[in-house]
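My structure is below; once you've seen it, I'll send some questions.
Here the chain labels run A, B and C in written order, and each chain numbers its own residues starting at 1.
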Amino acid sequence: MAMANAAVAGGSAGTAGLAATGLPERTPGWTLPQAYFNDPEIYRRDLERVWKTGWLFAGHTCEIPSTGDYFLVELDTESVIVIRGERGSLHALHNVCRHRGSILCADPCGHVSKLVCPYHQWAYDYDGRLLAWRGMQPDLDKADFPLARVALRETGGLIFINLSPKPSSFDAAEACFGPLAKPQGFDRARVARVADYLVKANWKVVWENNRECYHCNVNHPQYIKANFDHFNADDTTPRIREEISSVVARSEARWAKEGLAPSHTDTGMTRFPDAAGGIWFSANRTPLVEGWVSETMDGKQVAPLMGDYPDAEVGTLRMRALPNFWNHSSCDHGVSTRLLPMGPQLTAIRVWWLVAGTAVEGRDYDLEKLMPFWQLTSEQDWLICERQQKGINSSAYTPGPYSTFKEYNVEGFVQWYLDMIR
Amino acid sequence: MAMANAAVAGGSAGTAGLAATGLPERTPGWTLPQAYFNDPEIYRRDLERVWKTGWLFAGHTCEIPSTGDYFLVELDTESVIVIRGERGSLHALHNVCRHRGSILCADPCGHVSKLVCPYHQWAYDYDGRLLAWRGMQPDLDKADFPLARVALRETGGLIFINLSPKPSSFDAAEACFGPLAKPQGFDRARVARVADYLVKANWKVVWENNRECYHCNVNHPQYIKANFDHFNADDTTPRIREEISSVVARSEARWAKEGLAPSHTDTGMTRFPDAAGGIWFSANRTPLVEGWVSETMDGKQVAPLMGDYPDAEVGTLRMRALPNFWNHSSCDHGVSTRLLPMGPQLTAIRVWWLVAGTAVEGRDYDLEKLMPFWQLTSEQDWLICERQQKGINSSAYTPGPYSTFKEYNVEGFVQWYLDMIR
Amino acid sequence: MAMANAAVAGGSAGTAGLAATGLPERTPGWTLPQAYFNDPEIYRRDLERVWKTGWLFAGHTCEIPSTGDYFLVELDTESVIVIRGERGSLHALHNVCRHRGSILCADPCGHVSKLVCPYHQWAYDYDGRLLAWRGMQPDLDKADFPLARVALRETGGLIFINLSPKPSSFDAAEACFGPLAKPQGFDRARVARVADYLVKANWKVVWENNRECYHCNVNHPQYIKANFDHFNADDTTPRIREEISSVVARSEARWAKEGLAPSHTDTGMTRFPDAAGGIWFSANRTPLVEGWVSETMDGKQVAPLMGDYPDAEVGTLRMRALPNFWNHSSCDHGVSTRLLPMGPQLTAIRVWWLVAGTAVEGRDYDLEKLMPFWQLTSEQDWLICERQQKGINSSAYTPGPYSTFKEYNVEGFVQWYLDMIR
């Protein structure tokens, strides 16, 4: 066990250069040292190197259908307004007046005709341009005081923002998400319900939990009924292999003609992320188990078909983007999850349930049938994360080994993360 | 906009020497950089250089009419007992026993026959002298263990304390406040009600809000009905100028013979503070708008005349002292406001409503009519302050320009503050 | 009074070497400087030098009678499982899985058949040995991943643990506690009730309070009726001396034949700790006042006799161990108190009431009669501690002198403490 704490002689792709940054060394294949999960300095570094450089999932276009509709995205001390402008345009702006610094919007979402500061009524256009500032001296020029803009990209009804002044390209992510998301119809959806959580765990604890299904058997009794990804190379029995082959074959036959062919056709989780390739996003379509058409408690459809789906047997669409987004969508509803860091050991998590935009609650769907599958599965995970964070804080915590069968994606996440902050 | 963040070549009265102290530079005429509002080290410096050197408003003499009456003043980790001693004397003492350090008084106000420590009953006189200490060895001398004294001055019924071992002179402040406060009769008043607030904002945010009426039009619908100071050089119309001239002329005619002549006779706020002159206190009398005799919801008198006032038409008395006091008083009631810092982003604020000492609630006045004007105006401001603090905490906050028409007193406050902590 | 803050020329047993450590100097016979009570760095040092080297009281053997019964001990960020293994064995293990670091047990006490991590079901034996880890690669060896063990010793039904990898000897403490605790029958007792408190005071404030009865006269009206230790050399009158001699003589006559002779036979508290001798534990038997057989509100027996006691007139057994334990036991019940630090100004305190294992609530005893004496006395002390902490935090706090008559044990505690952290 000496290896767990030893410096790695000669380094490796996963750790080379960590020592030079003053960050604790990690042994490849093993969990991160404690400081990565609770040190305020490393948390500051995470904010600068990950959260202020990466593309962050903000929300859905269907949440702000009309000009002047907005919602806020708040992480740590940042507050960003995502707003629908004229002619369908979308803008992201820092929620900070250029005069005395007051926030402009206090409500988490709403509708405005202009962005007017509640303090002295400086008024900004939807794109951040300063329109009016009663009482200011004439030698100042309004053009010098726009709201600070935040980069924004939309694809398939999903809105991403980027706090960096020089954001990396979003094009490859759009090419990945767009075609798969389009038939789901997020742009024509409506939000059936939102649940907000404050989870007492570092954001990386939440991701590590998300990146393996090693914990699913005991912790997620609902989830494992519907899916194949808790089986891995070490425990996929011939019977399981036969089952997945059968549903894949049937899915391929049906979906190919609709352009909905499954792209993940094995047990186990699809490989993501790929630190070596710099891949922080991915999406795929995968079948559910025989007899299940939706991720609901009994596998039955619970709401009208969404988007362009011809029938219910379309498996599930899955999307994910680091550092803060994943989505599981069935024929009749989609579930988006967004993480936002609020402190070294605190993560704000929002879960959305979306249905077809024309669906009416009580008539076309009931929340009692729509929500439990992912509400239970999500809350099971948050509890796990808080227990893990508590143990990590102990002086007795030492890095442990990842299962090469089951935690390959956790290792991938850690490599991606270390590349980001190095 | 490069100017907002640029270092000031050559310096200025407002910023010269800031760099030498390690404090962030400020551009004159622009708001302070973020660190002044949330950095714990600058907060510590504020405590040492401002709060532990300045004269702090503590409360009113009428709150402790009898020997042994006391109230506590608590800021950050300090606790001070303000107590009425023998023959009308007033004392301020640190609320810390010289034995093991226990606080002596736990209740925020009350009456004691001696100051007896609840732990081992060491007993002190009202002036802090140690009177008794059962069980201590005879080679120690009680005279060596008085309570730590805090400087105290009273003027016109207002009590100020100073935590410095070598307090600056209070004489000029007394000369300013005394004659104007005397006719209001604070020394013969009674407290009708107290409201306590914990505002999530740096204390300077609260002062900057107080030092301009640029925000009044939209935020203070009650206040602007009664007053002229939300009009400034850029927006005082001939009609407004005529109105104020008319009420001033009438006031001068009436009040001169009573020694109550208005001293602020223009629209806009009186200039305060004056950093160059070292003026941290000021007071003036100013007329209300035609038809208003009191700062109440409809301008009508709601309680018996206070002090020496001959009739209701005495305009308003206004007093202010940095870093923690302001008061607005009408013919029938006075409202005092006291700030006390509790953290870098937390300020404890108390507002008092005072009426004539002989007034009886229910018979002579009703809280429902007495309180709303200043309760609403105060709470409108606290909300503004919390929104401003939130925006300032964002990485997108950058200093903005003050209106030379409307925020001259905010600039004056910032200059005074920077002089204090430099 | 210059002495209170002066550096001690030449040093002394109590302070020599403090300056070399960077810790604030203390004047012998005077209270500690402020930083010892609220500085986060000194708190970290207390954890390392005191709490992670000393033997800590954990609980009672009777709380975990059967194989698989456990309870948690949590201090600061540490969590320790104390568990009953096979054949009566007892084990203490860090509550941290060797895989991803999750805590194993989330409930504060309970029963398990194995220690199974709720995350991925790694399963450990009662002694921490890893038994099973489904899904891990075969090149890893389970023997390399036991739970981190914590030293544990039991004596007379009392369980102590030690977080140090090289714990100091417990033998002398066992020799002290064992013979005195045995007749009380803690090993055959049952817990009638537990009360948990979070006291806003540094742990040393709580101990200093415990180490003198100077505060008892006014603060503990119940306690002083039953005991002699609030009298000291300066105030033990001839009448009091006669009283204690009388009860001691009678006690000696009765108890000698039972092996229960009193070992503390004077007024005042027994001397403890002894820094020079390195003594961090002590126990003694002492008489109660005439007419009292139990520390209850009226001195009457309120539950069946415990352990081996032949009758009710056995005075009280008292045990104490630094840094976290004291116990007062009468013929019919025992009361244990345990401190655990949760922050620089926060201490978790648990108080247990124990009775004979065969006693049945409602039939043999009532909580209404069993609890008040020590519940009141304890809560009186916690209030004192919070008031002292508040005063110590003031800038006006300066060290004060201990009474040589009444606070000799507080001085002893401080000397012991400074020896530990130096």
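Throughout what follows, a contact is a pair of C-beta atoms (placed from the backbone, for glycine too) under 8 Å apart; a residue touches a chain by one contact, two chains touch by 3 or more.
Fair warning: this is a prediction, and the values are worked out from it, not measured in the lab.
Trainee: Quick check: superposing chain B onto chain C on C-alpha atoms, how many degrees is the rotation, to the nearest 5?
Mentor: In short, 120 degrees.
Trainee: Same or different: at the chain A/chain C interface, is the fraction of residue numbers used by both copies above or below half?
Mentor: Looking at both copies, the contact residues mostly diverge.
Trainee: Take the average of all CA coordinates in chain A, do the same for chain C, and state the distance between these two points in whole angstrom.
Mentor: 48
Trainee: Which residues of chain C are in contact with two or more other chains?
Mentor: In chain C, no residue touches at least two other chains, as defined above.
Trainee: Spell out the part of chain C that touches chain B in their complex, as residue ranges.
Mentor: 1, 31, 208, 214-215, 217-219, 232, 234-235, 384, 387-388, 390-398, 400-401, 403-406
Trainee: Taking the complex as given, what residues does chain A use to touch chain B?
Mentor: So the residues of chain A touching chain B come out as 52, 77-79, 94-104, 106, 118-121, 135-137, 140, 144-145, 148, 163.
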